[in-house]
């Protein structure tokens, strides 16, 4: 079942490796069929070069396995929380891509230093707080999702991803492909922000009116970028 | 129409991806047929891996579409202004290549620290001022072209490109291929300048006589580099 | 003899090049057959692109050549000491991968700034002290192994690799493949730690309870990562 | 004539591109037949992807073209001076590889921070002084060779390359292949030295006895590295 979605989720997972966002098994992508309430996700610890659509695991929103002989990614509970709360997203991605993760390790949000970031993020790429010892001990992966939701509230549409302190990146979108693309945007903006800060430690974010211009050029009802397709 | 120019513009666009200057759809290249007064440019938001010569859009110098079923790049008005004022150029390129964009975000010109840059740029790679809120609100892409022209005046031949503050790179040349090559020169020199400044924050530009020697070795009537072809 | 082990050792050596950890002949991987007490190791100074399983050298734990017409890697005595003392490892790798080697040259251990490192290393990637002039003069490669053992004691299971001051990386694992994978983990964590420290020179390691959570998620009897295979 | 040497010179030139040391036409490699006193060198400004052995130019030690329809590299006079004075070398390479060139632009020699560099360079990779205005005006490329010779004296065997201030890299060896390999060693050591200095601005070179151990392990009559081939 869900053959088309499986194909999209497999492609999103493989694109992470191709774009240099994931090495070894350090990442995962999922997609959701909102009508059926079923998630397709990468299996845990399976090398990307051997993965096929049949290896993907189908689960419901309570995490029950509905199809597949492998165990799902250990990060599944994080994906589930994001799907439950952000009801308009259809894909979630997790990476440890290296520039973005370096910001997460340095405990710094990625300020919006230029229009490249403004095209996708309305302002900074937020840094989510560290989990407490209790949150880690009790239900680590689920609580990771909850702290993201706690921080972002309803801003998840103009902030399609974030950095989790000391950990890595979560991103999302209206398809697995778009979630993976946002993971690439985050890494690329992180690299540029890193270099910007080394060249000018006092660098300032772009003015709000420039960020708005670029964001709205690509998003919303007056978008003039692209061929008129739904973003 | 313009089959040969379309081929050159397609190749210039694809070279940006191949050389690592562009990811996703973050860049565009165009070329102009000066006799006919027609520009061939990348369509907006179309993935590079799927683009063919037939997807390219033909427009006149007022931006009217003369051929093609897709919308042209949103940056077309910038290209048009550059073609109108810099009458000897035949190709324009825009990228968000990461080292160069980092200088644009840090609000620093790229000083000429070595002969690598002097071979193409007579002195620094200039930083163009930020647009005002009014310039952004009124006609953003056209005004981007105008501030480049305002800053460069007639120096566009020995400065075949620039950084736009908080944004990215524009470059040009006497063909789409040469404009794309200059975008690569800018990124490569930006990377070296970045590293130079981290190794020596007090690094000084090369003396004018060395810059002149290298620039003239490659350009002008006494050039001794290459096989005598027109640059 | 040892055809299967030779295949694994060849693949581990080639993976070092493929993953960008080794250029020229700057690295080596070996594996051991614990029952027979025989080591298979890369020959010295042979280019990777020409290497075949037949070029690998079989030696015993005293370094006597048992099969092969080529000389073994000059680092063989280091491998032998590690195999003798760390009795549960079955693969050893040596690289000069550039971020990790930069930490070794800067005389800094790689602190555990995030969960990426915590998944493999329980805490820091240790820096092994410089050898003394006497240790270098007498039996350099053997003494390199001895100082690693002196520093790590019995911690080699939750520290599957280290940096040797002014030199490079040694890593190990329960197979040649796993030793090579750990060399990649070290380089990747080194790159992120480098970037973290440039973004925040006061960056702190993750709390012990987060490191423990991630380490135990992947290792030990309660591991929930992967498909239940032996690590 | 000189078919075998042309093949080696072509391969050395192409290896520069493959190893990421050269983009566009920013580099050149040559080789010499000492018996005939003839040099084979890359033509000026010809793209690497189109170059064939037939495009290479044969010149004598006075720079007279003996075969070939193209103009030789503008850097030929530098190569000639090096061949004339360093009588045991048989290959010369010039690059603008980016980390090494950054040191040249920052006016810093590359100190020997680790054994990776010590395996090829006995101590630092030297920085050659800037040419004076007179030296640049009179005979720029020839004088570039002369200042290298002035600085290195007879140390060119244990220093098989250098950085020219504000310019780039020259390297050499007993074959075109070895000269190109030394250019790769210089770039790789430059990258590690760059990172080392950012991690520890007070980093110190390795002790002389460790540098000596590594250098002599690979070079000289007691070398124990490799398969006994002549270096």
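As written, the chains take the letters A, B, C and D, and residue 1 is the first residue of each chain.
Heads up, the rule we're going with is that a residue touches a chain if its C-beta (ideal position, glycine included) is under 8 Å from a C-beta of that chain, and two chains touch if they have at least 3 such contacts.
Because the structure is a prediction, the values reported are computed rather than measured.
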Most distant chain from chain D by Cα centroid:
A
From the C-alpha centre of chain A to that of chain D, how far is it in Å?
46
Taking the mean of the C-alpha atoms as each chain's centre, how many Å separate chain C from chain D?
32
Multi-chain contact sites of chain A, meaning residues that touch two or more partners
197-198
Touching pairs - complete list by chain label:
A-B, A-C, B-D, C-D
Where on chain B is chain A touching in the complex?
23-24, 26, 43-46, 70-71, 74, 96, 98-99, 101-108, 130-131, 133, 136-137, 140, 166-168, 194, 197-198
The answer for chain D against chain C in the complex is residues 19, 113-116, 119, 181, 184-185, 188, 191-193, 195-196, 198-200, 203, 206-207, 209-210, 213, 217, 224-229
